[in-house]
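Structures follow.
Two complexes, one shared chain (chain A), two partners (chain B, chain C).
Let's look at the complex of A and B:
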């Protein structure tokens, strides 16, 4: 019973509520519908990536290449549309297909060649970013048609368009990870890959799927990012991998695999976004909030470690 | 390369039955691969453009990435022990700013150069304690530290440039006997660290901890203390790397150099340090850092846009790592 109450997600939820309460008390601009929806818009790109990253980390892996896939997809969208003259929706789909293929390649390198995920995705981080830089020659693409901005700047039923995507993705991901045989396979791989293999679970196929999905999420995030900021540059998404991993780890997913939930990741995301927003409303500059996120990350894991020291470890 | 032909015949037997060359190749496989890759690169690029091996360009290649090589020595030790540090780039940015600020505020040059080493050791002591005693995974601690250092630096300085550095501060521009000073630093520190890792009890124990922590503990190695120590040493190397990084130009930009931590980790890993811990050498990581600089220069001398540099490095990592994994899998099966 006490173990259940002291679960990492519960601690995190409490922390989030406390932070939200303090922020609401500090600034009356914080708890307005407009502000909250806008914050949702801002966290969608990292959110999409982080939700799928939860799967990756639960298998005991990691994907450092997502930020580069965001950049590559953004560049390809611009290039397919402007240089090749494809209609914009087709260009975006083609770019997303390429980004997804990037994730698939990660999976192939990791499962077929047995390269450790950290190294494999470190290599593709350099490769995909390098492709984005090489293809674009550091030139930006602008002047997208108005209709394209619906995705990144528009609303649907009063809610930012991309936030719907994040909500649907999170629900589907949460159900798949928590309640399906496939989700259990993911946990089994992270707890003990050898045992999972000997129990006849499709370990390689599951890993391949997880890394492909991660590439897909990053690619979609890339297109959304282009639509939100109205321009394409090859350095887009730099450092996004670390933001996403921070949210996942803050959400209680063990970096060693086998433990973690989508709910936890969402709480981690919300906490980070609330801190960023609240502090900037309180007049602290954007960079000061990064410091606090670092402190919160370390402290949360520290507290969680102390609480869980005796008992279920 | 040489040992790729041998493993099936040699790996099943006792090491003493193997030839000297095969044993050397087994111990330094990755280093040899990089060494030959570098020679191939020099031969090909020089054939296209002979100015590639002019003394000035060689000086640029060998000194340009010296700070990365020095930082990668510490990183190699961290990874060999089974940990990782993603905050080293941010740390070097902070230390460079401290160093430059001290230099322009009138402190003696040696103070401005040496203080970052101690600050680096202190910061990494904190990381080490949290990893060793609070048992937080190193990637989590250093991810947090990355945010703290990066955010802290920009908040304090606003990303301003430090200029007006005294000329005697710019030691990376010095050329004793016609060779850039960073090359002396890099070679001396690499050899020192290589011998120390190979022959000292401390160095050997790091391989033991990275290879099998439980066995290391059972054989009486004080894992916690060693872990803190290796982080402190890594911090010192970050400080030494800062000495070269901060003094190479007339100005210091007080922000974190983008992706520096990944470049440093990549150098260590391409150099043959297994990310799983327990194997690798610091010589390999230094060779890899030089190879990066050589590739960057080769692109310029063959008229290929420098924007392709990262793509080339990415392919290079993939090829070396996959070759290594294929070789290892084949050895494991034989």
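Let's look at the complex of A and C:
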């Protein structure tokens, strides 16, 4: 099984290298340290969400509400700070706590009331976005203090601040998924939830934890997004769930659960971001890029399926 | 069978290799019209591969296939079906949301002159087919989803006949049937034989084979051991052919060492099928639970294991009152449950032997949250050795690729890793071949001698009688009686089950 996963990742890594090479050849602005670091900055919000989304999808679930949680957290950060007059760090933490609670509620709906994750999070996608719009009253919040921009626009040791966060998150997530009993539980749930329960694994607790973590990642992404674009609007993060899911699936995680790795997801993220950036540098319009990403997704999955079939027996 | 009958299908020197491992070595096999040819062998002996070659699913690497005297290559199941070979699979492949008639003719509808589907004709023929299978009670417009397993099986057979099958392959057709349905299926098989259909019949159940088969072929480790007329063999010779040694004792039960009472259950109530049960099990004892299907045996186990927690009543373990609300709590109290449905409840089939063996004990196998992989692998290797689990790729083989008996050993190994005090086994040898079966019985006897209290649910009366120190008979959620080993025999236990049945009907 490990061999098979590696195989998908190897294919993806190769593909990523090829794409990077082509893009570098197409435009001399692409393969520069500045540009690459900047792309890393742009990738972080989706990246944080996608890394945790990997866990969600490996359990056989899905979390569609993450984009709305990003929006809700962004709005709450602004409201807590500007309207309630909390100090900005405290406002951000409070907003993250609320976003995390949103994820926790997803988990409760899914584990307690046995609502399928797709439906539960489709409902909270609407609910959380509605809350964000209601709270913001269509007003945006601006004028954050300079110090707040360190998170979204600043650098640490020459690397964008938030990229450090993504790197650390990815390492921790990769270790948890691959090397701990929690990760093993996540895989077992995705492969056969009934057998996992019959083996005494803490199925409901694990699912609750995974959806809560997903809410937390989305909330952190929301605060980073505010800091990066210097403003809050209620429609922030719209469609982000699909970008995250695309990266996860491109990374080889089975949408039916039981299979997937964090490394795969990271490769998926890098490939998508490189395509977006490289193609726009090469002068291709946005809709062309989306079409190409769709094609790459289908091709990768096809190739991987063919290889798996050969590897199987 | 007269010798002059030409076989309809014959295989000569059939060989099949997967990834360098030969799973079928130069096997000769044939089926004559109007005979039941039983195919026997332990799991992993190559029966499935042989069947799949005949049904066109696998193309053999060597050897020839002749159908009706003509040498052919079968490159797909469609190919085989066109030549009159049909298969009734273990997992029935019907569409639950379609009606019986639609299922029977799916992909093979009778056509009108205009090229559309001739529904009146399809319905008429579906009716006729089911009537010929002695199933007038099946309404052809019923959805398949509402049918029992036995009924679905008859629909599958009707489907095969609708395509003029000359050879019908039945892969463990009675594995999931109740006794009455088995009888009925055997009638159907006999009727098919009368019509001149050749039947390849795969089963582990000896009584069926002796009741039905004209000839028997035994495979072992991919090799043909022999084909015999049924009159030439006895159960003992067949078993010896299958396992390659003679099994001297069918139920190897060592003298029990029975200790103090470990589990006490008082007035246990849960759901509709556990209605005020009281019993106890002692250390080193094997308590057999007998009863008809739906008598509440499995439900009792699920209650003790915390899947469906008790609504009222007391459970005491070693004298201490406990509550069990989840399998996790049950495990921590030293209760292990080897479930009835191995594929769904017992194993994560896509995961490896190593990962399955460690699944119930992963907390102990971890340092903090980190899995100790070396320890995990060592334990899995140990389990494979101790239980004789046969796996080509060792502990990294996904358990879904193992045979039924080996899968069951993995489930048992998984639970023994938790060092349980109370082991509940639900149909421990269902779908398991003869060799593995006696090995599992030996493991049970051994465990009991180390002081584990064992509760064994089984629908096989010989197994219950052979292994149990006491037999608890259940019916309709009630305890009927507890019979000591000395007094337990087919009559006393059977009587307890039937008497209860009558009283239930009267109530």
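As a convention for this text, the second predicted complex is superposed on the first by the 303 of 313 C-alpha atoms of A that agree within 3 Å, B and C clash if a C-alpha of one lies under 4 Å from a C-alpha of the other, contacts with A are read in each partner's own complex, and residues count from 1 in each chain.
To be clear about the criterion, a contact is a pair of C-beta atoms (placed from the backbone, for glycine too) under 8 Å apart; a residue touches a chain by one contact, two chains touch by 3 or more.
Predicted model, so just to flag it, every value in this text is computed and none were measured.
A.B. asks: When the two structures are laid over each other on chain A, which of chain B and chain C touches more residues of chain A?
C.D. replies: Here the partner covering more residues of chain A is B.
A.B. asks: For A:130, using the defined touch cut-off, is the partner it touches chain B, chain C, both, or neither? Pick first, second, both or neither.
C.D. replies: After superposition on chain A, A:130 lies in contact with chain B alone.
A.B. asks: Now for A:194: first (chain B), second (chain C), both, or neither, which partner does it touch?
C.D. replies: Touch partner of A:194: chain C, not chain B.
A.B. asks: Touch test for A:302: chain B only (first), chain C only (second), both, or neither?
C.D. replies: In the superposed model, A:302 contacts chain B only, not chain C.
A.B. asks: Which holds for A:82: it touches chain B only (first), chain C only (second), both, or neither?
C.D. replies: It touches nothing on chain B or chain C.
A.B. asks: Looking at the overlay, what does A:256 touch: chain B (first), chain C (second), both, or neither?
C.D. replies: First partner only.
A.B. asks: Should A:182 be classified as contacting the first partner (chain B), the second (chain C), both, or neither?
C.D. replies: second
A.B. asks: Residues of chain B touching chain A in their complex?
C.D. replies: On the chain B side, the touching residues are 84, 86, 130, 134-137, 139-141, 143-152, 154-155, 258-259, 262, 265-266, 269, 275-276, 305, 307-315, 317-318, 321-322, 325-326, 329.
A.B. asks: Enumerate the contact residues on chain C facing chain A in the complex.
C.D. replies: 18-19, 305, 307, 326-328, 330-332, 337, 339, 344-352, 355, 359-360, 362-363, 365-366, 369-371, 373, 396, 398, 414, 418
A.B. asks: Considering the complex alone, what residue numbers of chain A touch chain B?
C.D. replies: Contact set of chain A toward chain B: 64, 109, 113-116, 118-120, 122-131, 133-134, 136-138, 234, 238, 242, 245-246, 249, 255-256, 285, 287-295, 297-298, 301-302, 305.
A.B. asks: Within the complex, which stretch of chain A touches chain C?
C.D. replies: Residues 1, 176, 179-182, 184-185, 187-188, 191-192, 194-202, 258-259, 313.
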